[in-house]
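This is the structure I want to talk about, given as structure tokens.
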Amino acid sequence: MRDLFRKREFSLFIFILFIVFGVSLRTPSFLYINNFVDILNDTAILSMVAIGQLIIIVTGGIDLSVGSSLALSGMSVALLNQYHPGIPIFVIILISIAIGLLLGSINGLLVSRAKIPPIITTLGTMSIYRGLVFVLCKGSWVSAHEMTETFRGFPRSSFLGISSLIWISILIVILFLIFLNLSRTGREIYGVGGNKIASQYVGINLKKIQYIVFTLGGGITGLAGFLWVARYAAAQSETAIGFEFQTIAACVIGGVSIAGGTGTIIGVVLGSFFMGIVYNALTMINVSPFWQMAIQGFIILFAIIINTVMDKRNQQLMLRKRSFNE
Amino acid sequence: MNKENRKISLPNIIWQWEIILLFIFIMVVIINSNLSPYFLDYTNLMNTTFNFIEKAIIALPMMFVIICGDIDISVASIIALSSVFMGMASQAGVNTFGLVAIGLFAGSAAGFLNGFVITKFGIPAIAVTLGSMSLFRGIAYVILGDKAFTKYPIPFAYFGQGYIGNTMIPFELVLFLMLAIIFGIILHRTTIGRKVFAIGNNSTAARFSGIPVNRVRLIIFTVTGLCSGLASILLTSRIGSTRPNIASGWELEIITTVVLGGVAITGGKGNIFGVVISIFIIGFLKFGMGLINIPGKVMTIIIGLLLILAIMLPQLIERLKPKNSFGKVKK
Amino acid sequence: MKKQKFILAIVLIVILLSSVVSFAGAQEKIRIAMLVKNLGNAFFEACRDGGLEASKELGGIEFIFQGPTTPTAEGQIEIIDSLIAQKVNAIVISANDVDALVPVCKRAMQSGITVISFDSGIAPEGRILHLAPSSSEFIGRSQVKMLANLIDYKGEIAILSASSQATNQNTWIEWMKEELKEPAYKDMSLVAVVYGDDLSDKSYREATGLFKSYPNLRGIISPTTVGIAATGKALEDAGKSGKIELTGLGLPSEMKQYIKNGTCRQMSLWNPIDLGYSSTYIAYKLIKGEFQGKEGEVMKVGRMGEIKIGSGNEAVMGEPYIFEKDNIDKFAEIY
Amino acid sequence: MNNCIIKMKGIKKYFYGVKALDGVDFQVRTGEVHALIGENGAGKSTLVKILTGVYQPTAGTIILNHKPTQFPSPQVSQKAGISAIHQEATMFPDLSIVENIFMGHHIRNKANGLLSWREMKDKTQILLDKLELDIRPDTKVRNLSIAQRHMVEIAKALSLDAKIVIMDEPTSALTLKEVEYLYKIIRKLKSENKAVIFISHKFEEIFEIADYFTVLRDGKYVGEGTIADITVDKIVQMVIGRSLEQMYSKLEAEQGDIILKVENLTRIGVFKNISFDLHKGEILGFFGLVGAGRSEVMQTIFGIDTKTSGEVFINGKKVNITNPSDAMKHGLAYLPEDRQIQGAILAMNIRENITLPIIDRTSRHIFLDRNREFEITDEYGKNIEIKASGWEQLVEDLSGGNQQKVVLAKWIATKPRILIMDEPTKGIDVATKATVHNFISELAKKGIAIILVSSELPEILGMSNHVIVMHEGIITAKFTREEANSKKIIRAAIGSISK
């Protein structure tokens, strides 16, 4: 039990409850179940892509290209839908995942084979993919009436009263919980991030792991691309611009160490949820729109500092405990 | 390969990298002048420097930041923040001299805040500046809202629009070249530079050797803020107005420039010549592409490709070299 | 060896790109550059089509279409610099900043380039004339009138704009507020102005925030295409179609869906093709010296008929067109 | 020899032209505990890394079960039944013990292919019980003591169920009790007809547990034989190529006044109540097992870590040292334990390394003065006999011994009055070791006060005027040179002397 309290996830959870409580004092409607469903809908895509970002950051990498690859795969399937409305929705979904996997694997190859540091690789592909979106759509948009009803309606179509958007994100969370905790490759991802030399000694293939995380991350991003354009019923060349920073922020708030080796799915999901609540709360309690960005920045900084300070305190406590045992 | 050859290997690599960059630069000039008759025109070339010198001025301290093994993605937001403070002061009737002081001070203060949080709490720079990126620009939005500051004293316009005497050489360009010389001397010829390289290569050993690692990093972040403030003065002066969204997206362009200049993102390696050449490569490349009216979004593809290809190039060369029989012992 | 390959690669890339670029051509023609707020914006794509139409009609024009990657003044300045260097004959700009472009446009005019602004203007010192799609006052006031009709002059309303920095939007909002002061609107109150930054997701979120924070909200005005479409989608998703009325300025092609299903019963916009056509036409005639660009002058602008230059060298093209269920199909085909 | 499980012939390994191994032959039989003996830097660890697939040999053949084999990766080696406890920390600090033990070969549920944590946890529990370690299997390794970490490493090797188990200095951080358990485990492995390669430079251990030995020196094969047929003296001869007496050339130095006085220095959770005096010209030895807290004490004195309480006096004056540059101002110098991480900056050249701590003094104002740097490097580098092609050579291209000399020269160049040396001869070859020892003696003779932290008993005994022994953060014994002997020191180091 005491371990539970010491966990970052737990303190983040408490922090979230605190904010929810504070906001609901001012705006009781914040507590309505509908509002939470909306927040879930809003954070579904963020938490999915943040999980992709998580597995990359855990290996000590970073992916700045998620916003661009999301836009590229989203634009591709939107155009596909516009010109071939007959293609069934599940094929569209598969294609969006496939495009994402392709874009991710390009990153993965550049990082693992060409040995370009992840931050540079994805800085480059970020511009390349974003530019390709523009080339692909020739500057024009795909808008609501150019999409088929099933395409547009997919994220909202509900099953057991919950939208498929949320279902998909739950599915991704579960799949990746299993992958990260119950598969060898999943654990090796943590191994690589924790200690590269040690993981070499136990025979983990670093290149393979790097390739896998970027590719998988790309796959999620690709799927998110479809969900994004379908949900907002618009594919534009500016789609998801700056989204990479949001996913990184969700990870950092969720307690993922930017240096690699640590970070949990639950933490990231909470981190995304936290961002969603902050966004939602800021609009609900009528904070001036001009304050939003400053408050977000402040909260990110605050969360990071608290995380670090708590971590250091825990380590001190651990040391103290050990010295008393003697 | 024997020891004798490896002796000068590091300068060798840098030398090679500069050769590559210089070569790319020449290619850019040749191709551009073939594609457009307007490229090789003294006035045009001078005037186009206005468009990248402000970024270049931040690229100089950014080079120090990255050599130290850190990164600062809040620089563009610092530009917005300083510009807003200058705008406020200008509305209140502060003169040109005062505005410059305020711009520099606001930039340094923001940079100091970054450095302070990074060194005090030991948080990776990328995480801190990710937060401060929103915070600084956010403050600019808070102050400005949907307004813009447009009233600046007339002499203030000189910084971003003026030329040196009757020549067509922009004041900005001269200022940048002077700063490049100063930063180059600091990096390669002074104890500060030596310390920066030591920190970037191995911050633990540097600390054990009595180098005040955190103080040096704090100073570098503050100087980065200072230079962002300076860039803000030039930009504000050049466009004569302040909006909270100015310079958006510059942080990544600046980092791209520095990395293309051969500064290792993992720290410890870099050279002023590489960065200066890289600044002009990207600047002239964009200008040349602009002359044949390639859309900006297509330019980003080319710059992205250039970045990746250029970074891959030394490895490709390495791979083509006959394999020596020695393994690697690197940790 | 490797270096040679590298040169080859660069050369190939450049060749590839120059084939993408269709504008590079003969030098004898009159070159008119249209510079828009940013690339990848459907509204400006339609303006480009108008510009191309005018170029074809007038003949002997090389039409250049350019815009920065992000809607900022410094991005536009960079492009203007390269246009000056290319010695184009005219620049037609929709500006991201009224004042910031003045110095560089002055320089352009000094080097003999005809500079006019359209859609979103530059301050008078920086251009010969400005072609407004419609008078800002008229746009602002008519928006409020349109919404008031939809909600019977009663209830809370909100505005969802583009970015807080968009100058033309801000002017319209000022006029909307002005109009709301009239006694006819005593039962209406403007509760919020929010900004979607012309991003679908942010506009969508802001719109949803509006419904939640103001349960009694009756109407939303969104004077920007991305914003109005995202609000339409948000209303549809929240099941608020018909409960909250939506109006504003939007491209018919983007809004067809929401106008057809009644989420947005009425909205208006001027014809961006006409706007692009007229501004290109005027630029050409100014170069040829057939128009003087003087206050009070009446210009004969091709198929658009006569346009008069008003005070401050501002010309107004016409009134915005109102789109409804009945006519949306026709226009959605065009722009 | 039909039960020969692995045979290595003519193994060579060069690192950038430095010969780490030069034609080594090595063979191990099943059911045998084979001691691989040699000084630090003799090539033992390199040989182990070739066996485990971490390094590829430059030349030579490996024959496994009478078939020529190659180990291109650690995985191949593991699959072939070789597991190893490496000397360096090869742990994942943020992961649990279970995870550390099973990383790379997690157990999967046969039915669904997913990891079976329960089975792994159970197995870990069994392993921990076997080693009598009272820790929960899901404890993070970060929270373990050094000795516990080593035990986990051993558990990890055992979990692999390997045919050949390599133990590279497994006992360096263990207490006597834990060492006994280790012996038990080794005997059990032997009875299961497995081969154990046991690397140690503690002869008493070798004679206790090993059956057979192979000696390496300077990367070369020296000889092999059965333990029963050899004496300690003979092995020592083989290992060092000369007799023990020659090794330590302690010059008697005049001992002066107290220069450094430490009183009740405490850093919570790390060490407490450390008090000692250091005289001019004295060599004060600090002995203890890995993780006893010696380096931490020194780093606190040098201002790298902050103390919780206690006082430090230099020349009778109380000083407050909060960072290394303060410490240097008071005439302190600290040669750290980890040469490659804390000591040298590998990617910089010799000149830049040696002048780094005194860079502000060699420069003219803030401008670097390369000539002066060169002069200083030349002076100190030649003095300590650094072998390099020039002062512009990168430190990473030097041999371990020469790297250490660079670090030593760097600190001597600060002209310290008090020199703290943390494992100054760790991992360097015999010849260099002797140079370093001579050098230390000479420094002491010049009146410099020296603290020598070492885990090598002969070094401590051979060099020190006084010996302080630490165990788990406290001083357990202090001896004069005359009182000190290996038995007393070891007993204090494993904590059997009460405070």
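So that you can tell them apart, the chains are marked A, B, C and D in the order they are listed, and the count of residues begins at 1 in each.
Convention: a residue touches a chain if its C-beta (ideal position, glycine included) is under 8 Å from a C-beta of that chain, and two chains touch if they have at least 3 such contacts.
Labels paired with UniProt names: A = Branched-chain amino acid ABC transporter permease; B = Autoinducer 2 import system permease protein LsrD; C = Rhamnose ABC transporter substrate-binding protein; D = D-xylose ABC transporter ATP-binding protein.
Only a predicted model underlies this, so the values are computations on that prediction, with no experimental measurement involved.
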item	value
Any chain in contact with subunit A as well as subunit D	B
For subunit C and subunit D, chains touching each	A, B
For subunit B paired with subunit D, centre-to-centre distance based on mean C-alpha positions, whole Å	43
Centroid distance [mean C-alpha coordinates] between subunit C and subunit B, Å	34
Whole-Å gap separating subunit A and subunit B, where each centre is the average of the chain's CA atoms	29
Per-residue overlap in subunit A, given as positions that touch at least 2 other chains	133-135, 139, 197, 237, 290
Contacts with 2+ other chains: residues of subunit C	20, 39-40, 164, 195
Interchain contacts (touch definition) - all pairs	A-B, A-C, A-D, B-C, B-D
In the complex with subunit A, residue positions of subunit C that touch it	20, 38-42, 45, 164, 192-195, 198-201, 204-206, 208-210, 212-213, 215, 226, 229-230, 232-233, 237, 253-254, 256-258, 260, 332
Subunit B contact footprint on subunit D (complex, rising order)	13-17, 55-56, 58, 302, 304, 323-325, 327-328, 334, 336, 340-349, 352, 356-357, 359-360, 363, 366-368, 388-390, 392-394, 396-397, 410
Residues on subunit B engaged by subunit D in the complex (per definition of touch)	1-4, 6-10, 189-195, 197-198, 201-202, 204-212, 268-269, 325-331
Of subunit B, residues touching subunit A in the complex	71, 117, 121-124, 126-128, 130-139, 141-142, 144-146, 252, 255-256, 259, 265-266, 295, 297-301, 303-305, 307-308, 311-312, 315, 331
Complex interface listing, subunit A residues touching subunit D	178, 181-184, 187-188, 190-191, 194-195, 197-205, 261-262, 315-316, 318-323, 326
